[in-house]
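Below are the structure tokens for one structure; questions will follow.
The chains carry the letters A, B, C, D and E, assigned in the order they are written, with residues numbered from 1 in each.
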Amino acid sequence: MLVGRNIRLNVLAQTLWKRLLVLLAYSALFVFVVPHVTLSVAIPSMLGTALSILLGFRTNSSYARWWEARKVWGGMVNDSRTFGRQVVSIVDAADAVKRELVHRQIAFAYVLRSQLRGLDPLDGLDALLSNAEVEALRTQKSVPNAMLLTQARRLREVHATDSVLFLPLDETLTSFTDHMGKCERIKNTVFPTQYAFLVRQIIWLFTLLLPPALAPNLGWITLIVAPVVCLIFTAIEILGDAMQDPFDNKPADTPMTALSRTIEINLRQQLGETNLPPKLSPVDGVLM
Amino acid sequence: MLVGRNIRLNVLAQTLWKRLLVLLAYSALFVFVVPHVTLSVAIPSMLGTALSILLGFRTNSSYARWWEARKVWGGMVNDSRTFGRQVVSIVDAADAVKRELVHRQIAFAYVLRSQLRGLDPLDGLDALLSNAEVEALRTQKSVPNAMLLTQARRLREVHATDSVLFLPLDETLTSFTDHMGKCERIKNTVFPTQYAFLVRQIIWLFTLLLPPALAPNLGWITLIVAPVVCLIFTAIEILGDAMQDPFDNKPADTPMTALSRTIEINLRQQLGETNLPPKLSPVDGVLM
Amino acid sequence: MLVGRNIRLNVLAQTLWKRLLVLLAYSALFVFVVPHVTLSVAIPSMLGTALSILLGFRTNSSYARWWEARKVWGGMVNDSRTFGRQVVSIVDAADAVKRELVHRQIAFAYVLRSQLRGLDPLDGLDALLSNAEVEALRTQKSVPNAMLLTQARRLREVHATDSVLFLPLDETLTSFTDHMGKCERIKNTVFPTQYAFLVRQIIWLFTLLLPPALAPNLGWITLIVAPVVCLIFTAIEILGDAMQDPFDNKPADTPMTALSRTIEINLRQQLGETNLPPKLSPVDGVLM
Amino acid sequence: MLVGRNIRLNVLAQTLWKRLLVLLAYSALFVFVVPHVTLSVAIPSMLGTALSILLGFRTNSSYARWWEARKVWGGMVNDSRTFGRQVVSIVDAADAVKRELVHRQIAFAYVLRSQLRGLDPLDGLDALLSNAEVEALRTQKSVPNAMLLTQARRLREVHATDSVLFLPLDETLTSFTDHMGKCERIKNTVFPTQYAFLVRQIIWLFTLLLPPALAPNLGWITLIVAPVVCLIFTAIEILGDAMQDPFDNKPADTPMTALSRTIEINLRQQLGETNLPPKLSPVDGVLM
Amino acid sequence: MLVGRNIRLNVLAQTLWKRLLVLLAYSALFVFVVPHVTLSVAIPSMLGTALSILLGFRTNSSYARWWEARKVWGGMVNDSRTFGRQVVSIVDAADAVKRELVHRQIAFAYVLRSQLRGLDPLDGLDALLSNAEVEALRTQKSVPNAMLLTQARRLREVHATDSVLFLPLDETLTSFTDHMGKCERIKNTVFPTQYAFLVRQIIWLFTLLLPPALAPNLGWITLIVAPVVCLIFTAIEILGDAMQDPFDNKPADTPMTALSRTIEINLRQQLGETNLPPKLSPVDGVLM
């Protein structure tokens, strides 16, 4: 997640550098080389209707995906705290069993994060899971799903007789199943590629038509205005593109590592542990 | 589901090929044959207001249908995993009974998929259901509904005495009933045909008015600009149309077979089975 | 529900026939009689802003009402199937009692349908309810509400001792209460009449201003363009109007009879009955 | 709630009468007194972008508040019927106790209505609550909240031993707490005043700029067009303003008295009472 | 929360004072110094499309964040009342224990408020929590989370045997965990900074282009119109910015102190306490 209140112009400039040069050259063509080729300003503005429908739709949909991803991980934090509270207050077992259950829950968050980002899900879990359990999980196609089954089995063993108090724990596990599945849905369902394709074509067409439309009226100012207007639409498209995939190990990602760390701190403290890891801070304005 | 990041221009071109030729001829008419027939550019742009209302509405509604369909099947995956976890951890029965329950659940996903796509729902279930059960299901008007009743009956037999633990299982079955019904709602409720009709008429009118409006100002460039602008609006309409029916056995479908396979892999592994089928991959950029 | 993919032009034409004639005459006035009265095209297009705000708002709200109505009845189908499944698998009673409960549930759907459409709710229930029960219901102000109370009472008698298994049944009855109330909310809450009024006035004003604005530039083509543009806005308004009241016994209605029939088929088959009524098909492209 | 399908022009006219006169005089100034002061039509239309963003936002938000208010009271009706059904079918007590519980629930709806409208909440409850209870409630800061506590206490006394059947009743009481709190949220949270302020300023500016922009082209027709266009935007603003506060004892209010009466009729009939009050009808097109 | 129906012009003026002066000087430049530099009005209006997409998106998203924040705190009020009702009616313990539980719940609201606003969460809780408990909470990374764990432990001690009645209490605690987490999500997830950046750049560009576009047509009136139009867009941007962070101890904040006070009054009265604190009133039109 990008957390700075302002991002520097040069970040966008880096991405758009080459396009800017091509646009300048193309605009110069109509200002200095073929100034007699003109076009009514009404033509490119007619494309505006199509662009405003599609860019508005794309921006709203991408933001909805990004915000849903953040909501799902907010649910991960909430339900992890609920799970910790329930294990400590409800589960009628030795402290070692409670610690095992809560540590596995912390590991679940880290594992889900790694899997969504395409990293090794079983990396760095030594402090939370036994080596034997990590090895057993290596054979699993879906590691987080297998971990939830282990949690259910362990809880069932403990609550072999008191089935009423098993109900809220089973419900919390179901929430984790839902969160996991929602993340996979957002990760695996690409935003309809046809729309992204169409938007890029219209911007490209718009870019072609704008300089000859502006040159007769503006002269050399076209060299400033045309590239800037085109860049603005390109920037809106790029921003939508960056936000639509919030689990791709990119700066605009949902800060899953930071949230997993929050889960770890909160749940360890619920167990009464005092040797807590520090909260994560943004690095270069990016929180992962 | 189309998964490629870019789709080739020629896919759209194939669909729109004939329209393109007619548009070129019609535009040429006003450029070369009757150049004295002119029209204020304000006229076609006045249709833009109506088009932006209707196309925006249509695009958003179609996307909402497509995304809801994907969410419902995401719920199918989540609740199938929950069902598997509950059967393994809660149900107090022999392993054979648990396997029967979980296999029937896997079959339920495949059956729902086939029925929504208009295929034989009972095809290819040999590995999951007994022949007798398949034959019995042939008399059913709604096969998936009958399967859920069988699940409930079997679970009730097992939990004849412990009614508390029957509650979360009954709740999960209710979720499946809801998912099934939501799919049928999306499948059977056509997007209001009146709007689709009106949008097509406005685009047609727009296409008629654009060439005479552009020809006096643009000359032969009209041959490029007019067809392209008309095609853009047509493309937006076609994309909305393709996305609004996500259960029609078309490339833009919800990838129900792939999701059912994910369910099969996850649930079989929850049972401890090791002979797992492979994940499905996209074929020609399409995941079914 | 209108189910045809295309509706014929003449349906819209029938509704708009008289308006079309008046518009033609009015346009002809400015083309042939007082051609010297002219108006800047900018004037009617200035009304476009107000129209696009209001028509967009109206179209979206009407569609939301129509879609919510369909969702509520989808919920009716889902929860009826759930009720059938629960009665068959949970309720510990003689088959006759189960049949009575399930038949009353089927009748509930038909009754709710009739009441929403302003028909006699107790008509045609002979096969599902006893004559005595139908007569007793005649004194009720809200027949569906009274039927749910009967269901609760009967279920309570059966589950006099096992209160745990009464819980999911009571929950399902609560869902029916919610569905019934949501239908009544949509039925009884008219879309704010002030907006409908304002939209019609703006279209009327737009219609007055368009011909004098177009006549100087277009000449006799005004006779085609002006009526068509006005009709498009009128059509959008009429379509919104038709969709906003989905329980009015009109072609755009939620297909409540067809959905009730689906409920009847599914629930009868859950009971093991074999003499099933046929599914309803659209008549003249309309499914009721 | 305004229920007439058409509202008369003079209702809007009454509200806007003075503005209309001022607008006429101001327009006449530019037509007859200083016709040489002109302005490009592009200037006021530039304000259209800002207006369409803000008025669209305002209209949608106000409608969402109004519709949510209606939904919450729809929930009041549904959960009251559910409560009545549960008391009659579940609660194991004498008829007098059941009647007391259900009558208190009816009173709860009337009390919440009166409090939201700023009326005396304890007025006119003689037929539903004992005098002693009404007097005791006079000391309460939140009368409806106190009534729900009484309901919970009475239900707990009755279900002192069977705690399972207390669960659905407690859940229904929680729904009433939620409905009450949602109403208070809508009532107490004013729509951001900054936006209302800004919209009014832009309309005011628009009104100042329109007559000098129209006068050179339209002449005396400016006297008709300018006031009408300004009135349309003012009307949209006023309609949004009227709808955003649905609990203010105004004609656009949620019809809380009528819905409370529906609750009274339905719940009394669930108790088997026959002396039912009549349904409320709209008075002068307004249902309160 | 700003509660005045009108806010004074000078509040906006104060914020925008310096910009206004610069804009005036810049406009004067094109009116008096370089009147021969002109620009087609079509150029700045072309930026309108981009602005309307982005400002509309930004206004809607900011409002959605602000409204969600208010809804979450509405949920805090509702569930606190539910908790109070449940403790009084369900919990089978001495009055002192009930008082302790309810007072801790009141403190929870104040603590969450202080933590979200960056104040000392444990300040001013003497009347609600024992000194020992406050000191113990000082070591906690998340004070509200620790308080919920204490509530769960105390409730579990009381309900050591009757696990059925512990279920609704545990559910209410889970709601508080969710409310807390939702507040943290809104607080910690900045609105995508890239969009805020882009909007400000476009407004800046718009401001640069408007005066030379208006000067040739308007003359000295440009000095009024150009700054006002630019200020309107700036104001929309600023209003969105103010509303997007509702937990920042600013005037547009969710009125968390006032809502916590409401919780305190309601819950103390549920306990039967009579020495109640007064309701909070707005100070200078601002309710905190």
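Keep in mind that, in the parts below, a residue touches a chain if its C-beta (ideal position, glycine included) is under 8 Å from a C-beta of that chain, and two chains touch if they have at least 3 such contacts.
Quick caveat, the model's predicted, so the values are computed rather than measured.
Chemist: If you apply the touch rule, which chains end up adjacent to both subunit B and subunit D?
Modeler: Chains in contact with subunit B as well as subunit D: C.
Chemist: From subunit C, count the fewest steps through touching chains until subunit E is reached.
Modeler: The distance in steps between these two chains is 2.
Chemist: Just the number, please: Cα centre separation of subunit A and subunit E in whole Å.
Modeler: Computed from C-alpha means, the inter-chain centre distance equals 24 Å.
Chemist: What whole-number Å value describes the gap between the mean CA coordinates of subunit A and subunit D?
Modeler: Distance between chain centres: 39 Å.
Chemist: Would you give the residues of subunit E that are in contact with at least 2 other chains, written as numbers and ranges?
Modeler: 52, 56, 164, 167
Chemist: Counting only chain pairs that touch, give me the topology of the graph as line, ring, star, complete or other.
Modeler: Here the contact pattern is a ring, one closed loop where every chain has two partners.
Chemist: Which part of subunit D faces subunit E closely enough to touch in the complex?
Modeler: Residue positions touching the partner: 39-40, 42-43, 46-47, 49-50, 52-54, 56-57, 61, 140-142, 145-146, 148-149, 152-153, 155-156, 163-164, 166-167, 170-171, 173-174, 177-178, 180-182, 184-185, 189-190, 192-198, 201-202, 205, 209.
Chemist: What part of subunit C is in contact with subunit B in the complex they form?
Modeler: Touching subunit B from subunit C are residues 1-7, 41, 44-45, 48, 51-52, 55-56, 59-60, 63, 66, 70-71, 74-75, 77-79, 81-82, 84-86, 88-90, 162, 164-165, 167-168, 214, 217-218, 221, 225, 228-229, 232-233, 235-236, 239, 242-243, 252, 265-266, 269-270, 276, 279.
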